[in-house]
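Structure in structure tokens, see below.
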Amino acid sequence: MFRHQKELQFEVKVDRPDPMLARQVQEVLGGQFGEMTVMMQYLFQGFNCRGEEKYKDMLMDIGTEEIGHVEMLCALISQLLDGASPEAQDEAAKDPVTAAIMGGVNPQHLLVSGLGGLPSNSNGVPWNGSYIVASGNLLADMRSNLHAESQGRLQVARLYHMTTDEGVRATFRKMLARDRYHQYQWMAAIQELEEKNGVVVPATFPPEAELESQPEAYEFWNLSEGNESSEGLWATGSAPDGTGNFVYVAEPVAKGQVYKPAVPPEAIHHDLNPQNKL
Amino acid sequence: MFRHQKELQFEVKVDRPDPMLARQVQEVLGGQFGEMTVMMQYLFQGFNCRGEEKYKDMLMDIGTEEIGHVEMLCALISQLLDGASPEAQDEAAKDPVTAAIMGGVNPQHLLVSGLGGLPSNSNGVPWNGSYIVASGNLLADMRSNLHAESQGRLQVARLYHMTTDEGVRATFRKMLARDRYHQYQWMAAIQELEEKNGVVVPATFPPEAELESQPEAYEFWNLSEGNESSEGLWATGSAPDGTGNFVYVAEPVAKGQVYKPAVPPEAIHHDLNPQNKL
Amino acid sequence: MFRHQKELQFEVKVDRPDPMLARQVQEVLGGQFGEMTVMMQYLFQGFNCRGEEKYKDMLMDIGTEEIGHVEMLCALISQLLDGASPEAQDEAAKDPVTAAIMGGVNPQHLLVSGLGGLPSNSNGVPWNGSYIVASGNLLADMRSNLHAESQGRLQVARLYHMTTDEGVRATFRKMLARDRYHQYQWMAAIQELEEKNGVVVPATFPPEAELESQPEAYEFWNLSEGNESSEGLWATGSAPDGTGNFVYVAEPVAKGQVYKPAVPPEAIHHDLNPQNKL
Amino acid sequence: MFRHQKELQFEVKVDRPDPMLARQVQEVLGGQFGEMTVMMQYLFQGFNCRGEEKYKDMLMDIGTEEIGHVEMLCALISQLLDGASPEAQDEAAKDPVTAAIMGGVNPQHLLVSGLGGLPSNSNGVPWNGSYIVASGNLLADMRSNLHAESQGRLQVARLYHMTTDEGVRATFRKMLARDRYHQYQWMAAIQELEEKNGVVVPATFPPEAELESQPEAYEFWNLSEGNESSEGLWATGSAPDGTGNFVYVAEPVAKGQVYKPAVPPEAIHHDLNPQNKL
Amino acid sequence: MFRHQKELQFEVKVDRPDPMLARQVQEVLGGQFGEMTVMMQYLFQGFNCRGEEKYKDMLMDIGTEEIGHVEMLCALISQLLDGASPEAQDEAAKDPVTAAIMGGVNPQHLLVSGLGGLPSNSNGVPWNGSYIVASGNLLADMRSNLHAESQGRLQVARLYHMTTDEGVRATFRKMLARDRYHQYQWMAAIQELEEKNGVVVPATFPPEAELESQPEAYEFWNLSEGNESSEGLWATGSAPDGTGNFVYVAEPVAKGQVYKPAVPPEAIHHDLNPQNKL
Amino acid sequence: MFRHQKELQFEVKVDRPDPMLARQVQEVLGGQFGEMTVMMQYLFQGFNCRGEEKYKDMLMDIGTEEIGHVEMLCALISQLLDGASPEAQDEAAKDPVTAAIMGGVNPQHLLVSGLGGLPSNSNGVPWNGSYIVASGNLLADMRSNLHAESQGRLQVARLYHMTTDEGVRATFRKMLARDRYHQYQWMAAIQELEEKNGVVVPATFPPEAELESQPEAYEFWNLSEGNESSEGLWATGSAPDGTGNFVYVAEPVAKGQVYKPAVPPEAIHHDLNPQNKL
């Protein structure tokens, strides 16, 4: 069960409205790596967590924090939209600056939300549940969490340069600090889990079944022209868990057959084969 | 530019058709972490790669390999569907086993694709471009790649137990081996990049701007009841890059204000405030 | 079966083209509460209506009227786009006003529809079937209809202020008048149905099963800080149907357990628990 | 800012697993009118609420309660999936009952979430942001809330009959009780707002602009064969706010023109008109 | 403006309910090539048609007919669902046939639509506006129409074999007949347009600009292993409009450069290049 | 299996950056008829092709070429975005031209892809799998291919006029030439298939079943006012395959019944009918 307190986690106070910026900020609210994504992702991972109390507790801590980040971004977007009005567009025909700003505004901020944040990204595409990850395998999921915080922080950093409004930047700095901590946090959790279970997900696949395909588990297939790709750590030396050595296959040969599928039954209406009479 | 050769990368030959399994296999073809995702993700990362020849070459190698994995899965699904026919449903009313199988079949395999693979997941939801990640920041993106291979391998491992068909399992073993290699590969690439740029993404955000929010970058906020979350590596000791020490904030206090947004202009038709006359 | 007559329901004649406005108008054509939504919603409710001749007839009347509203909006958008051309963008670099207008235009009006209306909203997101409601329960559905007309009229009212073009405004005034009538209409229908069936949907749930949870059916749970929410009609007095009295629970206590889910079977590859051996 | 406590709002304890039911329950978790919808809808309405403290507080109370309902449904679905395993499908070929159950299971419960709740509906379609409503106009939005609770309660009532598991039914009874209260609550809030602002949304549209279309605001257009639709409250008597009398237009005449759009400029490549030479 | 008459275009009367078939029929109601698609496609083409009265009139005729086809399919699905009930699922555990049928039912037919047609496909994915085509270029669009009728008829033909219910089949035969006519119709219209404008869309692109790329307009590039593709009409002889002769390029050579994009500006946080200092 | 070579198929070298054009070009990369669509469409048709070696080989040739077109468009978009930066927006408030350009830029080119191509259309809507067609019936599918190349070429032609940048236009000319060839190609293939199988898809539907609906297969139903539609080839003369003569039904009469569906079982909670007691 959840509870809400009235204060925002951090202060949100912009220096001046900026409806074009409000549109861009939607990316980190309702985009693929916005706060709605990490909020729902950590909550679902927490709700579905089986058998690991300290991980579940940690997921609930962070997921609950992220609900408050969605709240902060709605406050930020509302302030950036303060004073925006439908009439501005009609005046746009007379004044290039107004016109330009109207061109860059998300029309749904005026028409749909009435100057509030929207559950959609910077192009107005609605947030959807396929952005999130909760597989039941904690190591796999925390790799997603580390990645989501990396993309999220990258996007906030890019947004930071889109404004010189010190109020907006102050909020972004708090978010960047939290995203820095969250990257550390998932790295630390991943380190714990890799030490327990090994680095390859899933860890529990039957080892005897893995044997047959042993060579393919260590080969780099050079399928694009040039062999610059032979220069990296992935091409030489041993695998990160020391279970084998990498092989750079400079001229790979297909190991499968030329596949010729069967002609389908008549009721599929494939049409081309005379023997197919209904 | 690309070229195609007729042989599949690995042999695909099922022992017997199984249209219910065909539906499940769609998850690793056209689902969030299916082969279409990694194919398009690595290709877009490669196409958009700026200034790093060996990384670009490597991305093109893997992205090109993954096109061939989509090809293999289409071959697998076609074979699992061999012999399926529309008439089976009508017979279902008479025979529980037929009925059960028809109930578990993706109707689009009969109606839409005519016994071929579909660009959609195991529930028939079409693949879409928001599954993929290509941000221009290689470390961020490779964390996504490591994660995608973790989820993909997890799902193939779960699928493996859904059949005892040795032909299907042989193909899955090859895919599991390649997904194992790909996890190693992205770990190795991430290690290289973290050594160059530091572990936090993005690395180039202006350090002076980070100072103000220094404390929040190392704090764990305990926002859910209980403090089991204080037991992990993320709660004590120093950050992975040694730049600071973690602080477990057992009883966090909100640092922001109670936010009261302004009343909107009249043309927004907020309706409730008497001073709003048009 | 349907028939079409050539005249529009109301005259559509704009004073001058305005491609930026054309983009905004898409919201009330193909957005969540646009005319496509009410058209498809009323038609599906009418097609699926079981056992109530006068309601079905009424739904078909309004649904059929709304097809004509989609037609009117396509005419309006076409006129707003008259004369727009691809070349304008290239000239934009030279002239701020042209640039601004091009920046605010929906590029698909030029590239995809060739100056016609699109089945999408003001941000170009395609209309989809999950916008509509047709549940078979008329009271539930008519509450949706009343709501949809409220949102639709609100958006047209906001659009009205985006232009001073008297031709456009004249069309909007007709639409506002119809949306006013449609709100009245659904209120009247709801009143009839509530008098027949009671105000709670569904009405026919077995009363004996409701008894057990009697108290929770009248309680307000105060889960956010502050108790301003105790001041409304929802917090005191009796329920609208007089079946009970409201209780404001100022300090609610959870009535459920701390939930600890079971560890999953091995083939799920949860990975963390050593007893899970395949 | 938000906080989480470990106890569920109400007890969730199923008598026995039932993976087919788990799939159906997804509708009220991640469907158009599931708990994710009301949770996000009330939170966004609360976050964006301008100038009405008691309404904002109330919205935050209910929105916060609904996060806990998402939590409860994840617990319910996890329990219904307990013991489900990938191997079951392979055994299905031998046993009709197993086959039937596998056919009715959401394959993503096995492959994607590892026996946890998914942010999607009973057909596996991901939840998306276009399900929710937050327009800034409280009367419009609360009509949506009343409607959403009507659909939600209707669906839970239908689900109730899909099982005789007393544990599942006990949870559903609690949800039905809360949905009953929430319907009362929105009715009460709507009554307050209609008394303040009038029944038509928006209330503040300039009255002088409404005059021109006065007649159309009270007319029912009979556009489908038959006139059973003349029998309802919407067809005779006065409007709910007494501002006018309804008129049943039995044989409506189009008031608009036959619309003939202009031929587009050459660069649109309309192709058919010889004068269009580039 | 539109009008509705109460009779269906053709009789719809199934011999017996069949909820599994109801789910499959959704494909031709709300799928990519279902009746909703052709209805909306022809209406939008008609609404947006500029300058060609007889084509516009024809599009309105067919579009209006298709609204009636949506109506017929809703009637068909309702009848196939007659008698289906939520309780059936609970009984499923006891009886394999019931279980199998429940497994194959669309749960939304019970939970969401209350035994009515849904605006979604056979897997429950909602219909969306990106299924339709209306470009303003009639020849391009009618090629889509011919294609849509081909897919639609193919799917109805496949459905036909899924049932031996003579009532259902009678309705399908009417639909197959209309789809046959509609294929003829679009062929005839295409023939007219190709005679007027030439066979390549668009026809009006400036001829002098086409000259530079003259050779590439007649070449087949053999980019997959094997040259079976040299055997078709597309590989030899002259183009359909006689403007040139086909050339089979058995060993194609790339004509472009190796592309190396520039390093991005600092605020993009590409991270890897040391000269990028903010 | 596939291989990649470093050279682009054709040279891509723009004269100067143009981020507004970059946004428009996304339509032909990730839109409904962009290169991602034809690439995935031809590859899936090829992968799923059963029993026709030369057609499969041809589909693989073209599908493989189209992967290279996606690559070219990513290169084009990257060049058009060269030098774009987040800071530009903040300067926009001071300068109308900058503001206008920022208003027309896709914010995701800055925030999400870091100046690279995106898998989405010109409004930022992600590409999805329901854009593509692969039915197993080659004639049906090749009609889609002819249509897709028609729309694609139309859109590139419209884009051509949006710029006078000679570098961009040179690339577009190559694409227009290839789209011209591809239209020829599918026409040639369709001609072959129609000669083999007849012009109506599917060809193999049982002829005896078609007889019953014979008349409806040749009738034009005039359902919109006016009879301009009687003037085309579709209204008079014989069908394209000479199997019958067209009939123009000027005043069509419905052949179906007035449909009255049955009242549903109680657990559907239809609510209105008193006999429905649980």
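The chains carry the letters A, B, C, D, E and F, assigned in the order they are written, with residues numbered from 1 in each.
Going forward, contacts are C-beta pairs under 8 Å (C-beta built on N, C-alpha and C of every residue); 3 or more make two chains touch, one makes a residue touch a chain.
Here is each chain with its UniProt name: A, B, C, D, E, F = Manganese catalase family protein.
Fair warning: this is a prediction, and the values are worked out from it, not measured in the lab.
Q: Considering A-B alongside A-E, which chain pair is linked by more C-beta pairs in contact?
A: Top pair by contacting C-beta pairs is A-B.
Q: Which one of B-F, C-D or B-D makes the same contacts as C-F, at least in over half of the residue pairs?
A: Repeat of the C-F interface: B-D.
Q: Just curious, how far off is chain C from chain A if you go by their C-alpha centres, in Å?
A: Result: the chain centres lie 28 Å from each other.
Q: Hunt down the residues of chain F that sit against at least two other chains at once, touch-wise.
A: 1-9, 32, 48, 50, 53, 60-61, 64-65, 68, 75, 78, 85-87, 96, 99-100, 102-104, 110, 112, 114-115, 120, 123-126, 128, 130, 135-137, 139, 154, 157-158, 160-161, 201-202, 205, 223-224, 226, 254, 256, 261-262, 264, 267-270
Q: Chain B touches which residues of chain F in the complex?
A: Touching chain B: residues 1-5, 7-9, 30, 36, 40, 43-44, 47-48, 50, 60-61, 63-65, 67-68, 70-71, 74-75, 78, 112-120, 126-130, 132, 134-137 of chain F.
Q: Spell out the residues on chain D that touch chain B in their complex, using ranges where they run on.
A: Answer in residue numbers: 1-6, 48-53, 85-87, 89-90, 92-93, 96, 99-100, 102-104, 106-108, 110-112, 114, 120, 123-126, 136-139, 193, 196-197, 201-206.
Q: Touching residues of chain E toward chain F in the complex: what are they?
A: Contact set of chain E toward chain F: 5-13, 32, 53-58, 60-61, 64-65, 68, 72, 75, 78-79, 82-87, 110, 114-115, 125, 128, 130-131, 133, 135, 137, 139-140, 143-144, 146-147, 150-151, 153-154, 157, 160, 169-170, 173-174, 176-178, 180-181, 183-189, 191-192, 199-202, 205, 209-210, 212-224, 226-229, 231-234, 239-241, 246, 254-259, 261-262, 264-265, 267-270.
Q: Can you list the residues on chain F that touch chain D in the complex?
A: Listed in rising order, the residues of chain F that touch chain D are 154, 157-158, 161, 267-269.
Q: Would you tell me which residues of chain E are touching chain B in their complex?
A: Going by the criterion above, the answer is residues 18, 20-21, 23-24, 27-28, 31-32, 96-97, 99-105, 121-125, 155, 158-164, 223-226, 254, 256, 260-264, 266, 268-273, 276-278.
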